[in-house]
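Below you'll find the structures, each written out as structure tokens.
What follows is subunit A paired twice: with subunit B in the first complex and subunit C in the second.
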Partner chain A sequence: MIKLTIDDREVEVEPGTTILEAAASVGIEIPHYCYHPDIGSDGNCRMCLTEVNGNTRKLGISCMLPCGDGMDVKTTSPAVKKAQKGVLEFLLINHPLDCTICDQAGECPLQDYTYRFGPGDSRFDEDKAKKPKKVAFSDNVMYDGERCILCTRCTRFFEEVRDNRPIGVENMGGKSQITLGPNGPIEDPYQMNIIDICPVGALTSRDFRFKQRVWFMDFAESVCPGCSRGCNITAGAYQGELLRFVPRRNPQVNQSWMCDDGRLSYKQYNLDDRVRGARVAGEVVTPGDAADKLLELVGDGSSVAVLASTRDTCEELAAVRHFAETVGITQLWHGSRTWEGDDFLKLDDATPNTAGAVALGFSAVPDELPSLRGLIVVGEVDVPSALLAEVDFVAMQAAVAGDLGAAATVLVPGRTPVEKRGTWINHAGLRQQVRPGLDPGPDVPHDWAFWVAAAGGTLGGFPELTAQADAWSAAGAPAPVAAATDGETAS
Partner chain B sequence: MGKVVERPKLTWYQQLYLPQIVQGLGMTWRQMFKPNITVQYPEERQEFFDDYRGAPGLVKDQEGREKCVSCQLCEFICPPKAIVIVPGEIGDPENENVEKGPDEFYIDMLRCIYCGYCEEVCPEEAIFMTGVYELNGATRAELVHDKQKLYEIGGTRIDSIQKWKGK
Partner chain C sequence: MTLKHSKVLSARFDKENSQALAGYREDGGYETFLSVIKQKQPDEVIDIVKRSGLHGRGGAGFSTGTKWSFVPKQTDKPIYLCVNGDESEPGTFKDRQVLEFDPHQLLEGVGITCFAVRAKVCYVYLRVEFAKGIRAVQHAIDEAYAAGLFGQDIDGSGFSLDVHLHTGAGAYICGEETSLLNSIEGARPYPRNKPPFPAVEGLWGCPTVINNVETIANVPHILKHGAEWHAGLGHPEDPGSRLWCVSGHVAKPGWFELETGYPLQELIDGPCGGIRGGKQLKAIIPGGSSSKVLLPDEVRKVTMDTPGIRALGSSLGSAGIIVLDEDTDMVDACLNLMKFYAHESCGQCTPCREGTPWIVKILQRFMDGEGKASDLDLLLDLAENIEGRTVCALADGAMWPLTSIVIKFRHEFEAKIAANQPVGVA
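Take a look at the complex of A and B:
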């Protein structure tokens, strides 16, 4: 272990740790552009200069400089402040004052650092450099050469994380710019991550471009419902409409990345038409009447099965299981959806909580189907048609009714994955917090509320459900289920 | 319990009554020979000073192009939240460097408090408080000014700041 002093604070780190990482570990922020925790340092932006052992003639770049025993590092000394002002003044020489129309404004490290460390003024009277401002790198990524500060995070992302080089730096000095390689538009399925790591507005999402200023939006730190990897995300919405998912750093799950399919999957949760209010045979009734009708149909629970979506949270599944146990239903099945995964983050299982459902005692639909009198469908599931052939009644809880919901005897409203509060257990047995990014309104209560009420309301509220889900999943978990974790708060 | 107000005691001169009448008539006579300040609205119109804050309007530049870049700072600053902007991409192939403009621009004049913050905050000098003060409509919806109405109110402004030029 190496001991050093950063801003008069004793820090102890492993050999090989850089000064920037050592400072971050004790909560001291050193401004940086080219360094990114998941793609490493390059040392080109010179923003992270620090004074080491009182050497003001030659400041050290803290992202490349390994800690040494007994080092005395200053991050806010007069020499450092002067250097930071100088670096920012140089960066701003050719950076256009586009903030008024730039999508990065509001979450832009160049804006933030200029405000906090910058000179506040420019001595540069000449014209700014002219570069191409609107280059489509692909259908999803747009490049603005004038805004680019050439930190090369984007090219290094492809080199280090994705092992290909669709883009690179061309020309020298003031004429440098990022350019597409000879193979044409970027085709990488993780390409949109370069938009997030770009510290300025040089790379923007063509999907989110000009849709809304970020300071008008509401954000929820949640988990991507796209697959069982459970990438941590921040869901951004404006006035009840979801506008984007961006990944949130969680070194245990997804580092700082997510796949483009997951990122663009937000679109399916902006519903034009959804189930509002409980229905029995198409007639709108109170949720209580719907529950009474369901209990009457279920009877003693014999030859009735529950088929629950693995997009439901552990808490919702615990409530469904509680209901099933109360009325005597023993056949608890889960229904997943699949898509084609890849070798990085995206997994074949396109639902986020299959492990949670298994831990709570739900099993896959058996190959040999028993004869059923009734089927209770919870959430959005692809129901095998053989299951529906002989049943007398179908009860369904869903956000979108579809054909099955329209034909269901009892239909109650459900929430989409971005409206849920609870926990999901990912493929590796990690239990993660899910927070609602949208509020569907009072006539669409949380999914578990209906099942708790229908079972007689003995479970109480959400804390009791969470405790019960905890207990059940711990008892029956196939893999060790970790306590609920969460990624980093967006910086 | 109400407060008892004592009737003021009149002096002997006030009690004479007639001098008070004459004094009042004197005031009337003096006013009769002064110039008229009443404006016969709507046939006659009041002249306002230049900084008068009437209904806000959007302006176009001398080439008839909209100056607003849809940065939404006016929407942000607006104290009663009267402004709603739907930003959009212009997509003009001849001017690729000018990318963003408002698809829709609404100002709810039933909410507007005529504070002029929108004019003050605008980095493109695209929104101005005009001299328009007659706002009426048969429905509430009519008083939500859309982009077309706002350009009608604002008109054209000849000005050196032109986002289409010099880029």
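Take a look at the complex of A and C:
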């Protein structure tokens, strides 16, 4: 172990730890742009300069300088503060300062550091440099050369994370800019990550840009429902409309990344037409009446099966299982969806909680279908037509009714994955917190509430349900299920 | 001390066909190399070069033997030698003479240096504008291979060496040693952050020694005549014979081989024929453009050796002496230099990329009659925010002439401000 002093605090770190990492480990923040925990450091922005052993002539870049035994590091000395002001002044002189129309405003480290570490004034009386302002790097990514501070996080993302080089730096000195390579628009299916890691508004999402100022938006720290990886995300919405998913760092799951398909999958959850209020045979009824009708149809539970979506949370599935056990249904099946995965994050299973469903005792629909009297469909699931051939009734809980819901004897409202609260267990057995990014309103309660009520209300509310889900998944999981974890808030 | 003309590096420059291997060998060329690789141990060679007092001729002036000794003795990786012939410092044209007129002198130095640092491969990196030098060096390499002086098991010694010529594309930054490495690797020539230093992690991540052309050209002479011989040339603390390049307002500009430690004034007044047209001297930038300017009073007392020039706060750099006469507009000269640095800034790190063009814009305003009193302190403060804050020394080298000109010739800037015409008045 190496012992050093940072701002008069003694710090002990492993050999090879950088000063920036050592400082962070004791809660000392050193501002930085080119360093990113998942692509490392380039040493180009000079924002993280620190004073080492009193040397004010040459300051050290804390993002690359390894800690040395007995080092005395100052992160707020007069020389460091002057250098920080100097670097920010340099970064701002040719920056357009068009924060009022820039999508990055409000979540911009250039703004934030300027307020906290900057000079608060400019001595620049000259004309700003002119660079290309609206360069489409692809259908999804737009580049503004004047906003760019050339930290090269974007080029290094492709080189170091994706092993390709669709963009690079062209020209020299003050004329430097990021440019597309000879092969034309970026095709990488993870390209939109460069928008998130861009510390300024140089790279913007063509999907999100100009839609909303971020300070008016509501954010939920949740998990991508796109596949069983369970990339941690922040879902951003404005007045009931979901506007974006962005990845949230979780070194155990997705580092700082997510696939573009998962990112853009938010769109399907802005519903024009959804199930509101319970229905029996197409007539609006109270949830209690719908539950009574369902209990009547289910009877002793024989020859009735439950087919539940693997986008449902563990808590919802626990409520469904509790209901099934209460009424005597023994056939608990799960239905997932697939898409084509890749060799990075995106997995073939396009649902986030197959592992949770398995842990809670739900099994795949058997190849040899038993004769069924009734089928209860919970959530978004593709129902094999053979299952419907002979049934007397279908009951369904869903956000979107579809043909099956329209024909169902009992239809109750359900929530989309972005409206749920609970946990999902990802492909690796990691149980993760899911939080609602949208609130569909009082006429669409949480899915579990209906099943708990229909089972007689004996399970109580959400905390009891979580405990029950814990107990069942701990007993039933094929692989050890980790305790619920959560990613980090973006930095 | 006085001017001591010497003929070490330039001894053969005047010979007919001085580039050819045959003539070089007639003059005893490669005998030192062949005896070294057969009779000496690598560490002996390093020790001799250390004791010779040879310092790098590229600009930084670091002890050559000490630099060599930083290469790890125990390593599984190949060790490389890179010869820096990207000579692009304004006012500097010394390596060019060696490349064009005596390339085998350089290549013999390459052989001895590779033996000393245990390198099996050398890259000679030349700027692409040196068309004649490139042809001469490539021809010399081909001759050396054909004569069995390079290649496998050289002359039965068991020592093997491959030498490659690599050309840059004309960027000043490629002369920065780690940019040079990136350029050889095919990457964008951005300087690397240090540590790690090239001696430990250089070309392709392997231990690498990078030396200037003139430095390497000295090596055969030191091994031939001995450490003590070299240590006795010129100034005892900074010994040797150097090729000095004089440009600017002198009657006879050119290169001169002189031992270190001579009075600068004597070089100007003597071999250079004084200031052109009988004018008065205004200033000298003594070490390539990246050094602090000297006033006539300082020129009169300075001796050209590291201790002598450091006492005046400047540096010998690449020994490119730029002479400016009384008619020189120092603001314009400063603008000219800063345009060079802004143009050649690689753009990697913030202070240099953004700062050098800003400085150009400010200086341009002075030339346009729009300089302001506050600009002078601004220029000095910007220099403080640039020097020592960047990845490499390009920006430091840009700030030295800037700050020294602003400080020493502040009156010329102030005179321009005083002469500014209010807008709208003819």
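The rule we apply is simple: the second predicted complex is superposed on the first by the 491 of 491 C-alpha atoms of A that agree within 3 Å, B and C clash if a C-alpha of one lies under 4 Å from a C-alpha of the other, contacts with A are read in each partner's own complex, and residues count from 1 in each chain.
Convention: a contact is a pair of C-beta atoms (placed from the backbone, for glycine too) under 8 Å apart; a residue touches a chain by one contact, two chains touch by 3 or more.
All values reported here derive from a predicted model rather than from experimental measurement.
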{"item": "Which of subunit B and subunit C A:Leu438 touches, first, second, both or neither", "value": "neither"}
{"item": "Which of subunit B and subunit C A:Ile195 touches, first, second, both or neither", "value": "neither"}
{"item": "Which of subunit B and subunit C A:Lys133 touches, first, second, both or neither", "value": "first"}
{"item": "Subunit B versus subunit C, judged by how many residues of subunit A each one touches", "value": "C"}
{"item": "Which superposed partner A:Trp215 touches (first subunit B, second subunit C, both, neither)", "value": "first"}
{"item": "First, second, both or neither for A:Val246, with subunit B first and subunit C second", "value": "neither"}
{"item": "Which of subunit B and subunit C A:Ile101 touches, first, second, both or neither", "value": "first"}
{"item": "Subunit B versus subunit C as contact partner of A:Leu360, first or second or both or neither", "value": "neither"}
{"item": "Interface residues, subunit B side, partner subunit A - complex", "value": "69-73, 75-76, 87-89, 96-97, 99-100, 123-124"}
{"item": "Subunit C - residues contacting subunit A, complex", "value": "171, 173, 188, 190, 193, 195, 342-358, 361-362, 365, 378, 382, 384-386, 388-391"}
{"item": "Footprint of subunit C on subunit A - complex, ascending", "value": "43-47, 49, 57-59, 61, 64-66, 82-83, 85-87, 89-91, 93-94, 123-124, 126-127, 129, 149-150, 168-169, 171-176"}
{"item": "Subunit A residues within the subunit B interface of the complex", "value": "100-101, 133-134, 209-213, 215-216"}
